[in-house]
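Below are the structure tokens for one structure; questions will follow.
Which chain is which? They are A, B, C, D and E, in the order written, and residues in each are numbered from 1.
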Amino acid sequence: MFGFSPDEWTAILLSLRVATVGTLVGLPIALVAAYALARWRFPGKVLLDGILHLPLVLPPVVTGYFLLLTFGRQGFIGKQLYETLGFTFSFRWTGAALACGVMGFPLMLRAIRLSFEAIDRRLETAASTLGANSWWTFALVTMPLALPGVLVGVILCFAKALGEFGATITFVSNIPGETETIPSAIYTYTQVPGGEFQAFRLACVSIVIAMVALILSEVLNRRIQKRIAVFE
Amino acid sequence: AQAQKTDASSITIFAAASLKNALDNAAKAFEKSASTKSVISYAGSSALAKQIEQGAPADIFISADLDWMDYVQKKKLIKDDTRFNLLGNRLVLIAPKSSPVELKITKDFPLSAALGDGRLAMANVKSVPAGKYGSAALEKLGVWGEVQSKVAQADNVRAALALVAQGEAPLGIVYESDAAAEPKVKVVDVFSEDSHPPIIYPIAVLADAKSAAAASAFIQYLKTPEGQAFFTKEGFTVLK
Amino acid sequence: MTSERTALSVSVFQKRNGFTLDVAFESESPLTALFGPSGSGKTSVLNMIAGVLRPDRGLIALSGQVLTDTSKRIFVPPHRRRVGYVFQDAQLFPHLTVAQNIKFGQWFRRHEQSALPVDTVIDVLGIENILKRRPATLSGGERHRVALARALLSSPQILLMDEPLAGLDDARRQETMGLIERVRDEFAVPIVFVTHNVDEVRRLASRVARIVDGRVTAIGTPTEVLGR
Amino acid sequence: MFGFSPDEWTAILLSLRVATVGTLVGLPIALVAAYALARWRFPGKVLLDGILHLPLVLPPVVTGYFLLLTFGRQGFIGKQLYETLGFTFSFRWTGAALACGVMGFPLMLRAIRLSFEAIDRRLETAASTLGANSWWTFALVTMPLALPGVLVGVILCFAKALGEFGATITFVSNIPGETETIPSAIYTYTQVPGGEFQAFRLACVSIVIAMVALILSEVLNRRIQKRIAVFE
Amino acid sequence: MTSERTALSVSVFQKRNGFTLDVAFESESPLTALFGPSGSGKTSVLNMIAGVLRPDRGLIALSGQVLTDTSKRIFVPPHRRRVGYVFQDAQLFPHLTVAQNIKFGQWFRRHEQSALPVDTVIDVLGIENILKRRPATLSGGERHRVALARALLSSPQILLMDEPLAGLDDARRQETMGLIERVRDEFAVPIVFVTHNVDEVRRLASRVARIVDGRVTAIGTPTEVLGR
């Protein structure tokens, strides 16, 4: 279909899966981290904040290499995981999802945190006087009010994950059917004469996917905004 | 579903990205003749070497230069007896198609003058093989000192090629195999073989290859004239 | 002094850049009015009773149950206090409909014996027509009435009302006062009530504390405090 | 100092300059775009939105290649610039700044837009009844209220710009002293056997710079939040 | 009917899911009171006069100057209308201090001849002590008074006040009514005033429009509309 080779189709589907899984698994962690950073005071907060930004600051290759050293089968976390659970990230699509999730994480975190910080805390107070403990308050007030930011975070992370290349290829290499995502495939095509057209075609697929995701998020956002707008 | 097939009918190859076209075709032909499927992961040689060090499930490694093959060999990650030099390549000086420049590569040739205030596009001279070979050649020819400050180092050969093809840089040094396929550039001259260390793509079977037998079979196939043809077609030279 | 029989006992101290709140009063009255000029600390006292503001020092007890005691480090969190709080500025949840806003409190206290009949409250406050709307589309007075309904229907053990009748027209104000009287008498929920309106105090309160500049300057029956 | 070679020092200073310029030049554009996307309706809005996200979605190399085609000396914009103004991006630090700015732009845009959308528009209405036209309203009400988001946008963009590598090296290559930023230098080191230590050292510099920027932004943010908090 | 001499002429129509506003009245009176139950459309009318809400159809003119005329597609934007609007819920700028909030309006109309003396307003409203604070630290009544000061000092050509005396204690309410009378008489600024309080209407207004369910049901002098 559309003249894509089976390998390319595999890469497209894999990219979708990797970006989706990376984003969705990262989401709850981002929610917790964003909440902690927005609301709590604890020693080492700035340090944690800084560490969570690292994937943004470091060249992706460095992040990928670091993941390889940590979550590779010889890595100090990867080894534990493999020996205790028999689970490994290395050279699996799960590793690609990890890399993409890690790279997109800071973006998601920041957007969500920004939204948490913008919430009128008097509404949370009101919820507590009505009998909601902090969990319920979070679920029924904080989260719904922060939804536009969560949505932006998700879309940023997803988009980033779709485009992520340096960390992925460094961590889990570029194995067709397992870890070759769209950007890796594009990279490979740019490395040989005559691959430009195919690279371009794959880039277009990325764009289309991102566009669809964006439009979806936009529609959702408009609905949410309409719901929680303080003024029509 | 375990995608890294461990059965003997499938091999995983870690190969330098510049080999894609030739190796893809060779692997396809090999699959037909020997019904061994091959999965090929293309990336930079350094990334691949480090992944092999971290236990990547590969059977064969093809590096774009000797350094990274030496690196994995020193760590005892390959079967020493299977290593050999698969391919060679030639370095060429290129210019945009429309450029009137004429140069003969000789000792002290006026490269700097030909550049004017333009840049010489090369792959990274510290890290990318083509860049390393190129700077070695220029040094040997005695012109490196003059042009050193005019070099624009790209991420890889293809990016250097793009700089020349786009007319950003008036001259560039790339592999012949790349230059041949780009219609927007022309080859000004070829660097002589003795002006730089030999350009070599070494290949080896990895020490903990899961399908060592099939891997060896594939390497044998690459040595046959039929296998070699795929590489010569893309502009590589086959080493004996 | 603070005895089991005392319905509500408040004695709090707090310094906030420039403003010092130092209020102590006790009341066994079913409805206590806090009366005093703007900025004197009435809302702050309600906030402390509700547990949404912590005094620097102080003790707050309701029907013998200590809610806040800084000396013993007791602090019952707001969601366990079973207060029904009508905030001065409504504080409706913008993402929920009016009906959902009202359900919010009911749901969390659904196991408490319900206090008021829902229909009556909705009827008296005249919000049946806006139940499906979101707060952003309500008028100021409508918002206030929804806040009132939400607090009244949250099965409170004590009602805190910060100018609950502001923004209501005369007819509705009378009806609402009737409703408050019913809560006070029929359901025996103690009420603390902030207002600027002398008539409301006279009609509803049996005990009034006048707060000026963060201090109680007078406490007693309406006639004692306000004169005739 | 610290055992860095002069070339490395140059790379560090250059990275700082490139990231700062890229961010600051992008900021006004991001403000306008964010405002337009948050407030106006116009045909092709979703398309514009999508295009502004592209640098996030595409592999950096593709973005870099695209920049080369557009802003290179032969590119259709680059050519005009060079012929009319004598100004060129190619192989200049300005080109690196452009690449970094472009790569960080979507992040900045999104954070700012999120803040604009979260503002209580009744306050803007209040400003208008007090005689402020839309410019003044923007300057005196919208902007100050959106400051936390603008700050987040700036820091995200700056961090991204510090780490940007793929687009920069593809667009303006790696010329020590002119376009060799920290990530380019790091990348080079990771590509040679035994270069890990130097790569690591440079990565630490990146981290330190980002940390300082982060702490600064955090301090500023806390001040702003304190100012505009709806509740203490 | 609409003549040069008519101070204010309003005739607006708007349908908003379920609620229909269809209000028409004219007034040459220095102070017109809008009176009516909650949710009847009073705030909406003020919003339309201020230009922050556009009627579907309608005409609004002030002293012969057309502010809105949908049939002629005239719509003077709010910032050109020189209204001083006291919103029902203050709407102070949270990032500015009280003093800056007040300056905001003054500054944009600094070339108009200034209306009221600043000191008097600040004094009567009792906000001299909070000038350096930010709105988040103010009590409800304080916020309201700042909003009043901000509108009064913005050199308005017309004052729109949505329950301006709500939340004020009796003493301050009296003083503030005096201030409003001064603005009305001394500075001859026409005022449109929303309230639920009959006393305020009787004291301040010379013309009252009773609005019920989005329609004017009565208009006239206070005695005519409210009885004795």
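Everything that follows uses one rule, which is that a contact is a pair of C-beta atoms (placed from the backbone, for glycine too) under 8 Å apart; a residue touches a chain by one contact, two chains touch by 3 or more.
All values derive from a computational prediction rather than experimental measurement.
**Student:** A-B or A-C: which has the larger count of contacting C-beta pairs?
**Tutor:** Looking at A-B and A-C side by side, A-B shows more C-beta contacts.
**Student:** What is the chain whose Cα centroid lies farthest from the Cα centroid of chain C?
**Tutor:** B
**Student:** State, to the nearest whole Å, the distance from the C-alpha centre of chain C to the C-alpha centre of chain D.
**Tutor:** Each chain reduced to its C-alpha mean, chain C and chain D end up 50 Å apart.
**Student:** Approximately how many whole Å separate the CA-defined centres of chain C and chain E?
**Tutor:** Comparing mean C-alpha positions, chain E is 30 Å from chain C.
**Student:** Report the inter-centroid distance (CA atoms only) between chain B and chain E in whole Å.
**Tutor:** That pair's centroid distance is 79 Å.
**Student:** Hey, what residues on chain C touch two or more of the other chains?
**Tutor:** Answer for chain C, listing residues that touch two or more other chains: 137.
**Student:** Going by the contact rule already set, what residues in chain A reach two or more other chains?
**Tutor:** Where chain A meets two or more other chains at a single residue, that happens at 61, 65, 122, 125, 187, 190, 230-231.
**Student:** Quick check: what residues of chain B touch more than one other chain, meaning two or more?
**Tutor:** none
**Student:** Give the pairs of chains that touch; include all such pairs.
**Tutor:** Once each pair is checked, the touching ones are A-B, A-C, A-D, B-D, C-E, D-E.
**Student:** Using the touch definition from the top, list the residues of chain A that touch chain C in their complex.
**Tutor:** So the residues of chain A in touch with chain C come to 122-123, 125-133, 136-137, 140-141, 144-145, 227-232.
**Student:** For the complex, give me every residue of chain E touching chain D.
**Tutor:** 50-52, 77-79, 81-85, 87, 91, 93-95, 104-105, 108-109, 134, 136-137, 150, 154
**Student:** Please output the residues of chain D touching chain B within their complex, sorted ascending.
**Tutor:** 61, 65, 68-69, 72-75, 90-91, 166, 169-170, 172-175, 179-180, 187-193, 195
**Student:** Which residues of chain B touch chain D once you look at their complex with the stated criterion?
**Tutor:** Those in contact with chain D are residues 44, 46, 49, 67-68, 70-71, 119, 121, 124, 126-128, 151-155, 159-160, 162-163, 166-168.
**Student:** For the complex, give me every residue of chain C touching chain E.
**Tutor:** The contact residues of chain C facing chain E are 16, 36-39, 43, 88-89, 126, 130, 137-142, 144-145, 162-163, 166-173, 196, 198.
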